[in-house]
């Protein structure tokens, strides 16, 4: 263990940076030597990173370092170089990058501290970082894998044919009487119609008969009053018809005409009838 | 490219296109090295034969070639788009109830009782179901139609006459009493309109 | 109905539907007298064989069966359309991957693993594509939505089920430098959704 730790610490020794680089005759004062990117590509490349973990992975992969044995000092140094570049560059340096910088610095300092021999091994300061890097890397890889799956509209195409005509079929809704009654109950409650005495008592057969009479009588000719009564219906039926006639008169839906006292009574519709609406 | 490949490409293109493809369009799929027009024709003929006994057929229409469902299978295929019956709105049911109980009644009178407008759509739907009819027109300005229910309405709801509709008193106690009517379905547990699918078919 | 007819009806329906059809849906085409499930299965098998050498193939994806252009012919078929297919950003694909492999997962958990924020735009796009849906809400302050993938996601990526997703890379522990870490190594074969690991995320 100690030898390995020493190796790690050995790398910690800050590498001596060479003097400023000369690129095409111009001195490059800001560009660290271990960034393998030309300045004009910087923006593009930084933009391509999906955050600090992605950037760290890039730095590690680039140097063929085993992710389980990251030379923290070296990687931290390179990471900070990028951060410096980003600070000066056009891109906004997000909080995540700064947070990672702090984390790296902390790991680095902990690595430098001599550790007593009895400290448990899981105290490797890099453990959490290594876990996060691997965790991110597997999903980064998964994303790439998903992108290589055959995609509809890109690699595979749905085969289809012309559908037959009349394809929009919608059966009419079904209703049962109970629903209608419930609806009616509600509207009555709303209109407080239950309190209206006359409606409460009105037999529905009168309403029905009113409708029947209205379809029988005409506006332009007279119907014999007695013809509206069907004797076979008996007393109750006759009363219903009479009540219906009275109600129709009250609502000005029919007119009764009697040319002479005790003469025949005729019924004439007071409603305009448009047969085209009926059809 | 052998004839089988050519036929497969044309088959795939026709099925993927979603619209008829003219021979020119088919030729354009091959870029620099298009097959002969006659070869495409032969491939189309071959395809038409391959599908002679199948569920779809290759046909030529105005703008080119396309596959379409054979008419003899249309009755099954159209069921794909058969939507589940929707439900009528509360407004429609209330309108129908008012017409049933208060006929002859004008739209304005229905609106008066309901306190809100009755859409033309509702009246139209009730007409289309043949549940209501125009009995005449009230002789007031605008000559509004007077609505009533139809024989078909009675048949649909299994009523001999309007008399068989529950009385207002019965309706008021709708939740508590067992209405002596063939309502077609046991009343749902709650007083609210049931949202379950109604199995009852139109009569 | 003889087997050939059944096969033709299913063929026509699958080609006319415009979306994958589940066996239940196919059975529903026959109304009162549906064939046996096994018969439909047999018809589907028969169709798959009939099309084995053709331009399109019968495939089973998340929400059912569909005919699709064989990938070997995609290069010609794709010329039907001028538009190039959309390419998705890494941010979107990584978010999608996390939702696919780790569902149910919250946005905060995705951000935790990716080390950066997930833009609202990405979540919106994934919703619009109908690739993800809200499965519920985690019972923590703020009640964050728990995301999962949809059948439509499977359909789009030509998958029958989540099991068919590429296997996740293993997470190695640090034993090469002799460190025992509780990384929650997934048990073999549980490549897809290791919820155990999720639980171990530091809060």
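All chains are identified by letter, namely A, B and C, in their written order; residue positions are counted from 1 within each chain.
The rule is short, and it goes like this: contacts are C-beta pairs under 8 Å (C-beta built on N, C-alpha and C of every residue); 3 or more make two chains touch, one makes a residue touch a chain.
Here the structure is a predicted model, which means the values were calculated and not measured.
**Q** If you average the Cα atoms of each chain, whose average lands nearest the overall Cα average?
**A** Chain nearest the overall C-alpha centroid, as shown: A.
**Q** Farthest chain from chain C, going by the mean of C-alpha atoms per chain?
**A** Checked the centroid distances; the maximum from chain C is B.
**Q** If you average the CA atoms of chain A and of chain B, how many Å lie between those two points?
**A** Result: the chain centres lie 27 Å from each other.
**Q** Centroid of chain A to centroid of chain C, CA atoms only: how many Å?
**A** That gives a centre separation of 19 Å.
**Q** Using Cα averages as centroids, what's the distance between chain B and chain C in whole Å?
**A** A distance of 32 Å separates the two centres.
**Q** Could you say which residues in chain C touch two or more other chains, in rising order?
**A** Each of 12, 15-17, 56, 67, 69, 77 in chain C touches at least two other chains.
**Q** If a residue has to touch 2 or more other chains to count, which residues of chain A qualify?
**A** 157-164
**Q** List the residues on chain A that touch chain C in their complex, please.
**A** On the chain A side, the touching residues are 1, 4, 48, 50-54, 66-69, 94, 96, 100, 121-122, 124, 127, 130-132, 134-147, 149-164.
**Q** What residues of chain A sit close enough to touch chain B in their complex?
**A** Per the touch definition, chain A meets chain B at residues 157-188, 190-191, 193-194, 199-200, 203-205, 207-208, 210-211, 214-215, 252-253, 269-274, 277-278.
**Q** Along chain B, where are the residues that touch chain C in the complex?
**A** Chain B reaches chain C through residues 4, 7-13, 15-17, 21, 25, 28-31, 53-56, 67, 69-70, 73, 76-77, 79-80.
**Q** For the complex, give me every residue of chain B touching chain A.
**A** Where chain B meets chain A, its residues are 12, 15-16, 18, 56, 66-69, 71, 73-74, 77-83, 85-88, 90, 93-94, 96-98, 100-104, 113-115, 129, 133-139, 143, 145-146, 148-149, 157-159, 161-163, 165-169, 171-172, 174, 179, 181, 183-185, 187-188, 191-194, 198-202.
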